[in-house]
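The two complexes that follow have subunit A in common; it is paired with subunit B in the first and with subunit C in the second.
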Partner chain A sequence: MPVHSLHVFDRKGKTLFTKCYAQNKANKVDDGEQLSEKRKLVFGMLFSLKEVAASLSPSSIKDNGVHSVQTGASTCYCLETASGLRFALYITDDADKTHARSIRKAMQHAYNDIWIQSVVRSPLYNPVTPNVQATNFETNLDAFLVSQSWYR
Partner chain B sequence: MASKSWSPTYLANQLWAKQPKANAELFALTYGALVAELVRDLETNDKIQAELDRMGHSMGIRSVEEFLAKASLEPQSQTAVTCSQFKDTSDVLKMALKMFLGITTEAGVQEDSHFSIQFAENPLSLFVELPPDRSDLEYSQLLCGYVRGMLEMLQFDVTVTMAQSVLRGDEVNEMRVDLNQVLQAGAGDDYQEE
Partner chain C sequence: MVFLHLFVVNRSGGLIHHRHLSNKAPKIGTNEWLRIGSTFHSLHAIAAEASPVRLPGGKNSNDGIEEMVTGGMVLRSFQTRTGIKFVLTAEPQTPDLGQVLKEIYVLYTECVLKDPFYELEMPIRSELFVHAVDALVERVQNAVSISPTKHR
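And now, the complex of A and B:
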C-alpha cells in the first residue's frame, strides 16, 4: 500500500492529527512513545529543511517551502500553509514519481476542502486545545484517499 | 503594486462572488441581538467590548484558514497571499474583509508598523443607533477581534482599534492596526513535551 501515514502539525510542532495506513508487522510493536518520537523527527526534519532551504535559496524567489523529501524507500510530501499548518504524507514505493503532481494536488484538496470543511468549520473543534478526533476529518480523509489511483 | 500581475481588488471580487451569501438584514439583526444580550449580561462597556473582541478573535483564527485556502485556489494569486511582510497584510486583509463581509475598503495610513483601513459601509451596524447612555460603546469591536485573530495566525501580534466609527458620528469607519511584534516561528512547548 503506497500511502503509509499522514501527519498534521501546527506551527509549533504540535501534532493535530496522525494516522498510519500501512499495516506491516513491524509497526505493531511500536508503542505510543515511539510513535510520538517518530512524529517529532518528521516535524524536526521538515522544520530544519525549511530553514536550510530558506537560507540557501536566492532571495528573489519567495516560495522556498519544502515540497517533498525522497529517499530510496519512500517519499514524504509536505504542504505548508501560510497559517503554519504542515501536512506530511508518507508514500512508499513511489519510485517513478509519476504521481507527484497529483499527490500535491490531493494534499491541497485535503487542506482546502477536507480540513476547512470538516475541522475549521466544525463547532466541535476547539482551536485552542485542538481535538481533530472529535470531527469527521478522518472519515472524509479516508474516503478521499481511497478514491485516489495511487492509494494502492 | 502596478508591476504585479494581480490586483487585490480583482481577486477580492472573485472571492466574494464565489462565497455563499447570507441575508444582510438577518445578519445585522442577529449581531444586534448578540450585542443586546451582552449589554444585558455585562454591565460596563469595557466588559462588553472585551467579550466581543474575544468572540471575534475565535472567529478570526478559524476563518483565516478558509480565506487562505480559497485565495490560493485563484490562479492569479500565486504570489498574492504570502503575508511575509507586515505591509503586505493590509492588502490581504482587504481581500478577506471583502470575501467574508462584502465590504469594500480603502487604505488609509500606511506605515511600517501600523496601517489603517477605511470603509463606508459596516454590515454589522445596519439599523443601529446607540442610546445616549451607551454612546461610547464600540459596537463593532467584534471586527477588531476578528482581524486580530486572523493576523495572529499569520505570526503578527497586533492591536486593532476602531479609530473612527459612523455610529459615533464620524464620517467613515476606520480600523487601525498596530503591529506589536512579529511572532517567531519555532518549535513550542508542545513539541518538546510530546
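And now, the complex of A and C:
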C-alpha cells in the first residue's frame, strides 16, 4: 500500500504544501496546472463530503470530520485540524484498509509534531501565507513517512 | 453497531428511495434528501476524478466512492453495472456493510424489478422491498449481537 501523495490545504482551500511520493515517473504527463486543478477538486470534494456527512450523522455526535474516502483505486485519508487546515494523504492499493488506524495516528503526528514544530514555530511564520518551502517540514516529513511500515 | 440510513440514487442522480433503519438516525426532510442524493451522485464522480490513480477501464469502470469513514458514521456505496447506487450508512466500526448492500441489491431485483408495474429510474414504492430490507437488517443486527466478533 504505497503512499501516493500528500496535500496540505488551508481553510480557504489554498494549497500550502504538496508532494507526490509515487515511484513511477513514466506517466508524468500531468503539468503543474493540471495538478493544481486536481488539488482544487480534492479540496472541494472533502469540503462537500463533510457537509453531507454532517447531515447524515446522528445529532449526538459532534465530530463530523471526514476520516477517509475510499474509491476504486485509492484511499484518501484526511485530517482536519481545529484551525481548519486539511491534510489529505492518498494511499494506493488499500482495499482492505488494514492500516487505517496507524495511518490516522501518523497524520496526527505529522500535524502535532512536524507541522507545528517546523512551520508554526518557525520565527518567520506568517499565519496567512506560511512559507512551508523555507522550513524543514519536508525533510522531517519524508524521514517520518519512510519509517512507516505502510510507506511501500 | 446500528444501521442508520439506506438510500438509492438512479443513473442520472435522482433519489429513488430513502428510509431510516433505526431511531438513532437523524430525521431528514424530503427536500434535504433529494439534495443529499444528487450531491452524493456528483461527489461520487468527483472522487473518481480527484483520485491520482484510476481503475482500469476508463469511463466504463465503476470507479467512485466505495466507503467513507467520518467521526460519526461509516457510509458504504455500491454501484451496480446499470449505474444505480445503493448507499448504506451505519455507526462506525459496523462490519460487512458491503455484503449487506449486495443482499439489498438482490432484494431490489427480486421485489422491485420483477414488479410489472415498476418503471425503471422511477421512485421505489414497493412494500415488499421495504419489508424484505427490514427483515434483512434485523437478521444482520441479531447475528452480530449474538456472536460478538473481534470487531469492536
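Everything below uses one rule, namely that the second predicted complex is superposed on the first by the 147 of 152 C-alpha atoms of A that agree within 3 Å, B and C clash if a C-alpha of one lies under 4 Å from a C-alpha of the other, contacts with A are read in each partner's own complex, and residues count from 1 in each chain.
Rule of thumb we're sticking to: a residue touches a chain if its C-beta (ideal position, glycine included) is under 8 Å from a C-beta of that chain, and two chains touch if they have at least 3 such contacts.
The model shown is predicted, which means the values in this text are computed figures rather than measured ones.
After alignment on the shared subunit A, the placement of subunit B and subunit C results in a side-by-side fit free of clashes. By the touch criterion stated above, A:127 is placed in contact with subunit B alone, subunit C being left untouched. In the superposed model, A:76 lies in contact with subunit C only, and not with subunit B. Contacts of A:47 after superposition on the shared chain: subunit B is touched, whereas subunit C is not. Between subunit B and subunit C, it is C that contacts the larger number of residues in subunit A. Of the two partner chains, subunit C is the only one touched by A:57; subunit B is not.
Taking the C-alpha centre of subunit A as the apex, the lines running to the C-alpha centres of subunit B and subunit C meet at 110 degrees, rounded to a multiple of 10.
When the shared chain is aligned, subunit C comes close enough to touch A:90, but subunit B does not. After overlaying the two complexes on the shared chain, residue contacts for A:149 are found with neither subunit B nor subunit C. Of the two partner chains placed around the shared chain by superposition, subunit C is the only one that A:66 touches, whereas subunit B remains out of contact. With chain A used as the common frame, subunit B approaches subunit C to a shortest CA-CA distance of 11 Å.
Residues 44, 62-63 of subunit A are contacted both by subunit B in one complex and by subunit C in the other.
Note for the complex: subunit C touches subunit A at residues 4-5, 24-26, 28, 32, 36, 39-40, 43, 46-55, 61-73, 75, 89, 91. Touching subunit A in their complex are the following residues of subunit B: 58, 61-66, 68-70, 72-73, 79, 81-84, 153-155, 185-191, 194. Of all the residues in subunit A, the ones that touch subunit C in their complex are 4-5, 20, 22, 38, 41-42, 44-45, 48-53, 55-59, 61-74, 76, 90, 92, 97, 100.
Partner subunit B is touched in their complex by these residues of subunit A: 11-15, 36, 39-40, 43-44, 47, 62-63, 81-85, 108, 111-113, 115-116, 120-121, 127.
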